[in-house]
Amino acid sequence: MKYGEKPQLIKEDGTRLDGRRPEEPRPIHMEVGVLENADGSALVSFGKTRVLAAVYGPREPIQKYMVLPDRAILRVRYHMAPFSTGERKSPAPSRREIELSKVIREALEPVVMTELYPRTMIDLFIEVLQADGGTRTTGVTAASLALADAGIAMRDLVSGVAIGKVNGKLVVDIDEVEDMYGEADMPVAMATRLGKVVLLQLNGVLSKEEFVKAMDMARKTLEAISEMQRKTLLEKYSKVLQS
Amino acid sequence: MKYGEKPQLIKEDGTRLDGRRPEEPRPIHMEVGVLENADGSALVSFGKTRVLAAVYGPREPIQKYMVLPDRAILRVRYHMAPFSTGERKSPAPSRREIELSKVIREALEPVVMTELYPRTMIDLFIEVLQADGGTRTTGVTAASLALADAGIAMRDLVSGVAIGKVNGKLVVDIDEVEDMYGEADMPVAMATRLGKVVLLQLNGVLSKEEFVKAMDMARKTLEAISEMQRKTLLEKYSKVLQS
Amino acid sequence: MKYGEKPQLIKEDGTRLDGRRPEEPRPIHMEVGVLENADGSALVSFGKTRVLAAVYGPREPIQKYMVLPDRAILRVRYHMAPFSTGERKSPAPSRREIELSKVIREALEPVVMTELYPRTMIDLFIEVLQADGGTRTTGVTAASLALADAGIAMRDLVSGVAIGKVNGKLVVDIDEVEDMYGEADMPVAMATRLGKVVLLQLNGVLSKEEFVKAMDMARKTLEAISEMQRKTLLEKYSKVLQS
Amino acid sequence: MSFTPFRIPIVPQLKKNMILSLIEKGLRIDGRRPEEPRPVKIVTHYLDKAEGSAYVELGKTKVIAGVKLEVGEPFRDMPDLGVFTVHAEFVPLASPSFEPGPPDENAIELSRVIDRSYRELGAVELEKLSIIPGKKVWIVWVDLYIIDHDGNLLDASMIASLAALKTTRIPGFKVEGDNVVVDKEATSGTLPLKEEAVYVHIAKIGDHLIVDPSLDEEVVADSRIAFAVSRDGRIAGIQKMGQGGMTIDEINNAMELALSVAPKYFNAVDAAVNNEGNEGR
Amino acid sequence: MSFTPFRIPIVPQLKKNMILSLIEKGLRIDGRRPEEPRPVKIVTHYLDKAEGSAYVELGKTKVIAGVKLEVGEPFRDMPDLGVFTVHAEFVPLASPSFEPGPPDENAIELSRVIDRSYRELGAVELEKLSIIPGKKVWIVWVDLYIIDHDGNLLDASMIASLAALKTTRIPGFKVEGDNVVVDKEATSGTLPLKEEAVYVHIAKIGDHLIVDPSLDEEVVADSRIAFAVSRDGRIAGIQKMGQGGMTIDEINNAMELALSVAPKYFNAVDAAVNNEGNEGR
Amino acid sequence: MSFTPFRIPIVPQLKKNMILSLIEKGLRIDGRRPEEPRPVKIVTHYLDKAEGSAYVELGKTKVIAGVKLEVGEPFRDMPDLGVFTVHAEFVPLASPSFEPGPPDENAIELSRVIDRSYRELGAVELEKLSIIPGKKVWIVWVDLYIIDHDGNLLDASMIASLAALKTTRIPGFKVEGDNVVVDKEATSGTLPLKEEAVYVHIAKIGDHLIVDPSLDEEVVADSRIAFAVSRDGRIAGIQKMGQGGMTIDEINNAMELALSVAPKYFNAVDAAVNNEGNEGR
């Protein structure tokens, strides 16, 4: 993917192809309670990337042996809709989706208070409706909203964003074009109030100094995203209270 | 399949390619008790279409959770032998076979007195040995004979036939060539004594009037087929009694 | 594989391509206890053919219904590493691997005293690291060493070797080239002290007389291999006693 | 292989009794008349990365349809025709009874039933989707994504697929020798559709026929049947479903009902397509 | 992966004792002598849609063999040879212990054992099945369908495959450039078979060897072995099966038995092939 | 789909307490210092049938890497580049908790994490692996075989893959028209590697960071993170693993640790490669 002709991703005025400043995320939209059947749900978009998450549970596990005596087990599926990508994606789970399901599950384990729901299973289904870069971080953000919407006890929300390096510069919330032609893609998710990084990957190459700076950019962005998540949940609850 | 040059399916004298009149089914052959191990079995052919059906059960379900407290569950597999078709068929179940297994199961549910066999499973295996049109209706006819042969209590037998529209005319029991080049294929199965349609599909396009007429043709044919099924069973029982 | 130009496999002086006499096996190397986690393990090579075997158990079966009330069940997997063959082998189990897993399991059933371990499972995993002919016989030899290394009670060891017919002559322990261009490959495994043949297959064509002679060649070779196996085990135990 | 469903969604006895006793009076639990479908909401151009798309609500049932066009090879026996494929996923976020995994018999049946109606009608003009005869054609992928299941997935999915197909654009492309270079930013036309159909799904409860059953009604129903109805009122597909039988009279009545309801669905699609984003009924 | 069978068909203790005590006297439960196979019934041309076919009964064991010929591409390393494939399905209607699903180790073993004998004998003249050298060849699919299992599936399947192959016709065809147009209505010859073999399956019960074990005898047997025997009395394949060992003497005796029984199977095949529909022994 | 592990290898409470209390004093249960990896043993040219191979022990963890080169077709969008693939199998002989079957999420994660580092660094000069531009290229298969699992499979696998790639030879070949004839007996050069990296895996236990966790330490750890470090000290890949979070400070400290440990791994690889069969540390 890194081969072929490379477009100029940072313009002369320092802005990006879509006009954003380096530290500026795409327009973010969040909505909770969008589905009827699920116990909790959320629809989150970062620019054109759009992800739907739903929670079922705590409920009985599908197989009796899939339990832990002292807490709930999480079951997470990150899945891309066939129409979400440029070329149609086969609906069978790819190796990439299997890895990301694990990475997202591990990002949520530290915040879900599974110890309150022993011998149960909490199901989290993430469907990428449209993929334009940052689907895993959008997914983890939606997932934590859906968990909260389902009323599952949590220590903190989880917020995600990808930091990139494009044309030698660190930028926040890279989109698909920046990911394809850039030098690095570093998805980060944090439980910002706990001050904990819960997801961190790097595809690409960074110097030590760049890495430290990128982590700092991530933290700042994630604190703002976390605020948006809280507001989204508050709005829904106040609506519920009003009705 | 509907593309390319279309042969004349109805000749000037009103008969079909193989000489049949519009309302005339192909030669039908039925035999029950053809297998040793199965609890019940039947071999049925409509012209060159030949289908073998076998029943095992009521028996313990393969998995303990596959039970209903108040009745038996049916498990039906419609499967085509690799040598049954013009081009060799891969033995892995196709989407078509999965759909037809469901449709045939649903056709048998209303007649099998499953409430007499709670917590058990009744297995019905249908193997298409030769496919020349009408395999699902031949299959459901064979299946209901095999169930009767297994001594499973039934409200009625099920009889099937496909009505077709070829060269603008409605015809009974279409074969493969008529299906391929015709305008419509409407498989119907009925429990004729109960007066109930238990399987109905339409591939193709019919006017309202054609549909009503086609259903009537189906009914008449199925009443005759049902009689043949009864005779076939009677013959076997009288043989058993004689021996 | 038998088509194309055929090299001269037996030279004028009666020796084979690699200089061996007809009744001479390749250099054989055996080692036990090569793995830490497994309850028993062995690495065996016949020339360039190299096979690793490991035993876990007796242990609880993975599925509760996989038990026999009066003895252990054996579970055997013969598997080839992707890098073991000339062309990379896909890691998914081939039909050949499925057959050989069965054949090897059946070769071990008569010697493992499964009746001492009722309601348990004994797992035997065989990995072909390098395939140069005779992998199943090398595998069964390694497997029986690994079982002994795991301290599982056995009536006898099992030893394996393939007899071949190349350029019209019977030879012991054929390698890949001899297998590819030869007329017959007959893998044999015996519990030599019990005098029992526990694995026997023939790919190729032999006269009655050749068959009788080949079985005799197999027996002689296997008696020697069995001795090597015993020495290998003894050496390990004496080391253990010394340490 | 098909099994009698043994993990059936349970409708509480009280609700079941209420459905049945209301039906006897010609009434339904959500206030509808027997022949009345639920409100239809359609959003077209719902997705940016698909060549056509629609989001449909039929009552509380929600379906997304995405249409993708890709250049590929024709089938050997139909070298000059484009390829048309319908695929449905019952993703597990739609219902507590859906499990992740490959499509089950219900999802396969749904997609095949929809596929057949389009195919038998010759709805998509596949002969216009040939690019290099015998070598390159457009492959039309219709992907149906059920995201909330409150019954009657078939009517909702068919409406979604139709709204998506009607708003599908063909990407720009250039033929270079035996290769086709696609430019998804450009458009070379709209998908040629010459026929259209909707499905009308009817449930039989006791001796009564009702249109567009909700999930509770489906579970309680004795039998069900769906008719595909074309713009000009022909029957372009039938699928009987469920575990009970129907008399020929009941089936004929169901057909008449289907013919009378179909225009409502067509109107909803037309309103949405002509008036992007509109909510119709 | 292979497991010790843990769902074994159960032979009632009484019957088991009877089998064992009869064997001691050189007798068998169904009245046969130890070296006596069950009656063989063969119907060739059993199917219309296959290029070759046979229905075989060996006692109560019933097998259908279908041979299909299709035009395909040769293997890269054998560009001028046709392709020959044996595939067996143990369909669940044949036995209460067969489950639907992909072939298990027994079905795979059966088809591979049969495949090997034909292949090692060079039975089918694959060099005559090349159509356009390096590009198009005939692919011969031999599909074995076990429909009733009363033991010794191997001998029955081998007989069925042989009778089917011997009556297989090659469809008519025309070469047009790099394409081959097949006309299944016409015939361009019979399948060229230059060698033939049958399998003879022998079970060891106690110290006794018996030919063609029935299912009950198979279950009770200590060990089993099968020899493929060619027309000219050579051994063209061996497979030892089951969980017990055999001495070399026992194996040599089994081989002699196999050589003596094989002609009976060949005779049955010949009678059926020469005399379509005949029942031989 | 990913599940919270519910069959966790159990570390006895006594051992767990000991690990934790030693860590508080800056000590480890096997006597290592926190920043000290286990001894590395590397055997290159371990296999004859692979174009490159290495056997690696990292403490008691044992991994085999095999590199195979095959001629194949390039990806359509990268017609002039060779293809590079990493595949890991956690074969069941390596651990009582590994089951036979297709790679699970841990094996897939491992292979993808390793694959990404090589890919992002442009380590293998894929442009030099084109044979017939647009038509034939070398496909490089790196297969990782875990045969004994005592923790930190990632560092051990990365070292094994690096040692194998550094000793991989390209077979001899001849281009004949559009075909490539390979001669595995001959050699036409070594695999062109322009960048290299090792992974350093760090576990957090309580408030302490330790390098190269053993299996017991992994199970007890609160969280884990691995950094790929290039020869010139850049970060060429990161993967956070496990169920706990880490502060940014902890992550920065872990990164510093990784940078300081990486040269030890590179030295071990260099010693083995320069001095076939040597044991380094």
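A, B, C, D, E and F label the chains in the order they appear, each numbered from 1.
Just so it is clear, contacts are C-beta pairs under 8 Å (C-beta built on N, C-alpha and C of every residue); 3 or more make two chains touch, one makes a residue touch a chain.
Since we're looking at a predicted model, the values are computed, not measured.
Asks: Moving only from a chain to one it touches, give the least number of moves from subunit B to subunit D.
Replies: 1
Asks: If you walk from chain to touching chain, how few steps can bring you from subunit C to subunit F?
Replies: Minimum step count, subunit C to subunit F: 1.
Asks: More contacting C-beta pairs: A-F or B-E?
Replies: A-F
Asks: With residue numbering as the guide, point to the option in A-F, C-F or B-E that repeats B-D in over half of the contact pairs.
Replies: That interface is repeated by A-F.
Asks: By mean C-alpha position, what chain is farthest away from subunit B?
Replies: F
Asks: In whole angstrom, how far does the Cα centroid of subunit A sit from the Cα centroid of subunit D?
Replies: Result: the chain centres lie 31 Å from each other.
Asks: Centre to centre, by mean C-alpha position, how many angstrom separate subunit A and subunit B?
Replies: So the centroids are 51 Å from each other.
Asks: Between subunit A and subunit E, what's the gap in Å when you average each chain's C-alpha atoms?
Replies: Subunit A and subunit E have C-alpha centres separated by 58 Å.
Asks: Distance-wise, how many Å sit between the C-alpha centres of subunit D and subunit F, to the nearest whole number?
Replies: So the centre of subunit D lies 48 Å away from the centre of subunit F.
Asks: Show the residues in subunit D shared as contacts by 2 or more other chains, in ascending order.
Replies: Within subunit D, residues 1, 100 contact more than one other chain.
Asks: Return the residues of subunit C touching two or more other chains; collapse runs of consecutive numbers into ranges.
Replies: Subunit C, residues with two or more chain partners: 77.
Asks: Chain adjacency by touch: line, ring, star, complete or other shape?
Replies: Looks like a ring, each chain touching just two neighbours.
Asks: Reading round the ring, first subunit C, next subunit F, what is the order of all the chains?
Replies: Listed around the ring from subunit C, going to subunit F first: C, F, A, D, B, E.
Asks: Would you mind writing out the residues of subunit C in touch with subunit E in their complex?
Replies: Checking each residue of subunit C against subunit E gives 2-4, 65-68, 72-77, 93, 95-96, 98-99, 101-106, 109-110, 114, 184, 186, 190-191, 194-208, 211-212, 215-216, 219.
Asks: Given the complex with subunit B, which residues does subunit D contribute to the contact?
Replies: Per the touch definition, subunit D meets subunit B at residues 1-4, 6, 77-78, 81, 105-106, 108-109, 111-112, 116, 120-122, 225, 230, 233-248, 251-252, 255, 259.
Asks: Flag every residue of subunit E that touches subunit B in the complex, lowest number first.
Replies: Residues in contact with subunit B: 47-50, 53, 60, 62, 64, 66-68, 70, 87, 89, 91-96, 99-100, 102, 141, 143, 145, 147-150, 184.
Asks: Along subunit B, where are the residues that touch subunit E in the complex?
Replies: Against subunit E, the touching part of subunit B is residues 35-38, 41, 48, 52-54, 56, 59, 62, 77, 79, 81-88, 91-92, 123, 125, 127, 129-132.
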